[in-house]
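Shared chain: chain A. Partners: chain B in the first complex, chain C in the second.
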Partner chain A sequence: MVLPPLLVVALFVGIPVVSGVLYTLGHFGGLNSVIASIGLHQHPADHWWGTLAAYREVLTSDTFLRSLTVTVEVTLASVVAVFALGLAVALYARMSGGRTARLVTALAVTPLFLPAVIGSYAILTFYAGDGALTTMAHALGWSSAPRLSYTTWGVIVGQVWTNLPFAVLVLTSGLAAVPDALIEAARDAGARPAQVVLRVLLPMTSVPAVITATFTTIAVLGSFTVPYLVGPTAPTMLGVQLANAFQSFNQPQQSLVTAVVVFALASVVGVAYVRSNVRETRRAASVTR
Partner chain B sequence: MTAAAVVRRAGGAVLAALLALFILGPLLWLLPHAFADTWRYPDLLPQGWTLRWWTAVADNPDLVAAVRWSFVFAPVVTLLSAVICLPAAYAFARRDFPGRRFFLVALFSVNAFPKIGLYAAMASLFYTLNLMTTFWGVVVVQLLGTVVFMTWLPAAAFAAVPRSLEEAARDAGAGPLTVFWRVTLPLARPGILVALIMSFLAAFDEAQGTLLVGAPTYTTMPTAMYSMVTNYPEGVAAVFSLLLSVPSVLLMLGVRRHIMGGHLAEGFQLR
Partner chain C sequence: MPIRTLDRSLAASPRPTRLPRSTRPARSAAALLCAAALTMAASACSSSSSSSTSVGGAAAHHLTAYVSGDTNIQKLWEDIVVPAFEKANPGYQVKVVFSAHGTADATTLAKLQAAAKTGRDPGYDLMESSVTLNAATAGLLTKVSAKNVPGLKDVDSALLGPVANSAVPYRGSSVVLAYDATKVKTPPKTYDGLISWIKANPGKFAYNSPASGGSGGSFVETTLDRHLDATTLKTFQDGYDASLESKWDPGFKELKALNKDVYGKGVYPNGNQAVLDLLAKGQIELAPVWSDQYLSGIQNHTLNSGIKFTQISDPTFTGGASYLGILKSSKKQTAALKLADFFLQAEQQDAIVKQLGAYPVIPASELPAATAARFNGVDVGNLRAGYSGQTSSDMNNLWQQKVPGQ
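The block that comes next holds the complex of A and B.
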């Protein structure tokens, strides 16, 4: 029963990834023969295991290093912002629970239902030089208001917009799982709202917090649509960089090297996610035992 | 009302207003663009209004075809994904077999590899299998984005069904299939519904892989949107964005309760 999805993933993801990695090492046979016959500026294998020439070329290039820096910066800033905003919404919903709270949650979840390309285009128009913010600022007498479209700040805004719903959903449900009795007990013992949050709610939502942080990190690291549409032409995030290498420059080998780097960054985060989950499962098992 | 309650209520109103501006502002700003004839900065409203962007979209056969293909691919992909993944989800929830957690993580690795890099790597395989520029090629490429949702979320939903209920039904003489159809499935339904919605949205939203595999024969709304942003007048892109938002908003109004129910978060806790 488990086999069908695993076979689909093994065939259409596993095999291409393995052969893609072999291709980055300079192995041009088998599945890679088509791509190797049309790619430009390739480094063929010179040892039995291959060559690191493509990695050396990509990893030492200025464009790559600038993209890597931007990618790490955007990812860190976006994850912090998504987490903070998501937590504010979730905490507000948990602590107040009225009609405004439901409205706030519904608003925060809205982007989940809209294609990222629509969100990115809307953000691009909204924060443009003739967009809503500059127009309103001008009406209020500030004629030199900055625009965010085609800037790295705009990319961060777009990432927060697209990734907020997942954070809110996961954190809201994590906070909802904390029993009311615990919160009331803390209040009876004289805890102020801030103490309830810091001492009761946050410690009990560590797994949802890890899920939010890791999934947002992985989503932002590998993102394409937001940085492609909203961001500047250069420096771009690695997702755009590898698409450019593949489509515009016809350098599939360099493109896949970049993909491997992004995957390596994402797996570091993925391992943290799996480990925290495993630890939590063990802890839960030992409590119930 | 106490002072603290007033502060909290005001804080809530500010949070709601800022969030509305941040989330809805960009979408609402597209609305006048879809009807604007000429609109010079820094005027707050357009100088003239027109419907010509709407007729431009309606008269463009490529754009109409993109709308149609979007509504063909997303349901086909969602159904196929359900057929492939739901039995696996049940097995992950109910059987303990060696490598169970490893396989769950293996499915997740699809999401950890940058999508665009994955498609670049997949291109060779698609050429070899003659899937390039084919209907099923597009289906496969969109299907990959749904696998994690369609396995993890239903697995958590199945796992949450109390075994005692199933055993009680069995004691009352129900066969395994009856137990599944009458007890397990109804109780797991909300989680499965969330998985179906997430998969539909993932397929509906997929643009990069569809562009690589399907273009120029199979263009969906998001892939058409890419070329529109760069090649068409602003008004046309605004109209198309609004059209693309309609199914999403309808879907959202219909299923918000289920999405908010915590099934999403539950599904992402590896057990």
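The block that comes next holds the complex of A and C.
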């Protein structure tokens, strides 16, 4: 029963990935012949297994290293911000549960229903030199208010904007799964709200927390729309860098090398996610036994 | 338009054939696989049958053109030139496959390349898109000259250089210097004048990154060209030689030095339109823009009438043509060449000028006087050629490495 889906995945994901990696190693035949006939500055294989020349060229280039640094920085900052904000909203909703809490949650989830392109453009105009924020600051007498459009700070704002809804949804449902009885028992035993959060709610939502952190990391690492529209011309995040290499610089091999690097970074995070899931499954199994 | 989505190509794929649903799940999964296989087989059949009927008879006069661009290009093809062509040539039919903002350009180019490699019918006879240049340099297009496209005898032969004589230039535009006349009383007249203006008015000039649009690309090219000897420049315009690219270094150094004086201390917006928006909103006062985008901006009132334009000299900004390519592997060469030639007739050129604010590629003297008057003061007959497709790709890459954020 599992065979047909496996075949489909192998056909539509596995083969392109393998052929893409072979292309980065300089194998230009077969499925790669079309793209290889168009690209510039390609490095053909010189060993039976290929060559690492394309990797060497990309990984040692200044532009790539700057992109990598800024990608890691933006990812860390965005994940911390998304996680903190998402947790704050979810905890507020769980602890107070009133109309305001529902409104705040709904507001935090709203960006889910707006395409990232529209959101990014809105952010770009809102924080532009003639945008709402600087205009207000100017009216209040602060004439040198910073402009977030076309800066890395603007990219971080955009990342928080697009990734917050997912974090709020996962964390809210994780917190909702904690039985009321546990919270009430803790309160009966004299726990203050802070203690309820630290001792009961947070320990019981470790899996949703890991899911939020890992998925947000992967989403930010591979993002294109927000950094392309809101970000500075240089340094760009890796997503923009690889799209540029493919479309504007006509260097598909270098573009794929960058893609492999993004994939490698994302899989490090993926391992953390899988391990936490396995641990949770084991624990659940030992509890039921 | 650099943001590409796969939706379009997925939406275009054939719908799977519906098979009666089996009651047992194992069977239905197998049925699904069969359905997928059948669909693939069926689409293979249909494509081979269409290619076999395409030669000879009335079908030889049925052309398919791949066109990409903005809605103004779609209107030009679907509402103006194609109806006129079909009326003037009874029996001919042209099907226009339009891709808005070129979202399908990359996949189409790959498809054409694959069709050429495997010797199959590419499905298109003509193409007009930003990738026509790439198709021409990749050898996918038929060579053209006044012999097979008579209208080319009136067209400046230099325009055929960038495409290796493999595509028909049919409309032109050049980059001009747009300025906010309410603030800039005496706009610069020369390149040197422009540079000293930028330095004297920090933050009031912008150009888009060359990878994101030709108007910024033209400013970059113009700066680089000032340091090149005539032979190198010719190589960059007509061909490709990566070993000569170190000659760009002095130009890139100059551009890097401008970082602190351009808009936002080194912000290079994405796309031609983004620069026009800054100009329209009064954020900047001077910028290189495409002539046709400027003219249609004035027509649609997205630019107010206080925005004027001028051409600089010594050197001028580059300009170029948009090209119409005839696919080498198309089996309807005669009909396709006929359509390409039709675009060069005076009435069509007149319509192109009126509809798009583009330059004609035939001498202005052949057009109605009112049309020619639109270019009062602008030399449309002499477009300074830009770099070839491959050279521009490298220039974009090196600019990105050497100029912004440095």
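As a working rule, the second predicted complex is superposed on the first by the 280 of 289 C-alpha atoms of A that agree within 3 Å, B and C clash if a C-alpha of one lies under 4 Å from a C-alpha of the other, contacts with A are read in each partner's own complex, and residues count from 1 in each chain.
What we mean here is this: a residue touches a chain if its C-beta (ideal position, glycine included) is under 8 Å from a C-beta of that chain, and two chains touch if they have at least 3 such contacts.
Worth saying up front: this structure is predicted, and the values here are computed from it rather than measured.
When the two complexes are overlaid on their common chain A, residue A:V117 makes contact with chain B and with chain C alike.
Using the contact criterion defined above for the overlaid structures, shared-chain residue A:A234 touches chain C, although it does not reach chain B. In the superposed model, A:L201 makes contact with neither chain B nor chain C. Using the contact criterion defined above for the overlaid structures, shared-chain residue A:L87 touches neither chain B nor chain C, since it reaches no partner. After overlaying the two complexes on the shared chain, residue contacts for A:V34 are found with chain B and with chain C alike. If you count the residues of chain A touched by chain B and by chain C, you find the higher number for B.
In the superposition on chain A, A:V220 contacts neither chain B nor chain C. Applying the stated contact rule after C-alpha superposition, one finds that A:A243 touches each of chain B and chain C. In the superposed model, A:D130 lies in contact with both chain B and chain C.
By the touch criterion stated above, A:A106 is placed in contact with chain B alone, chain C being left untouched. Residues common to the contacts of chain A with chain B and with chain C across the two structures: 1, 4, 33-35, 117, 129-130, 224-225, 229, 243.
For chain C in complex with chain A, the residues that touch the partner chain are 2-4, 25-26, 29-30, 32-33, 106, 109-110, 113-114, 117, 134, 138, 209, 211-212, 242, 264, 266-270, 281-283, 389-390, 393-394, 396-397, 400-401, 403-406.
Across the complex, chain B is touched by residues 1-6, 8-9, 12-13, 15-17, 19-20, 23, 31-35, 88-89, 92, 95-96, 98, 100-101, 103-119, 121-127, 129-132, 134-136, 138-139, 143, 161, 164, 166, 169-174, 176-177, 207-208, 211, 215, 218, 221-222, 224-225, 229, 238-239, 242-243, 246, 252, 255-256, 258-260, 262-263, 266-267, 270, 274, 277-278, 280-281 of chain A.
If you check the complex, the residues on chain B that touch chain A are 8-9, 11-13, 15-16, 19-20, 22-27, 29-30, 33, 41-44, 84-85, 87-88, 90-92, 97, 101, 103, 105-118, 120-125, 127-128, 140, 143-144, 147, 150-151, 201, 204-205, 207-208, 221-222, 225-226, 229, 234, 237-238, 241, 244-245, 248-249, 251-252, 256, 259-262, 264-266, 268-271. Those residues of chain A that touch chain C in the shared complex are 1, 4, 7, 33-35, 37-38, 40-41, 61-63, 66, 117, 128-130, 147, 150, 224-225, 228-229, 232-235, 243-245, 247-251.
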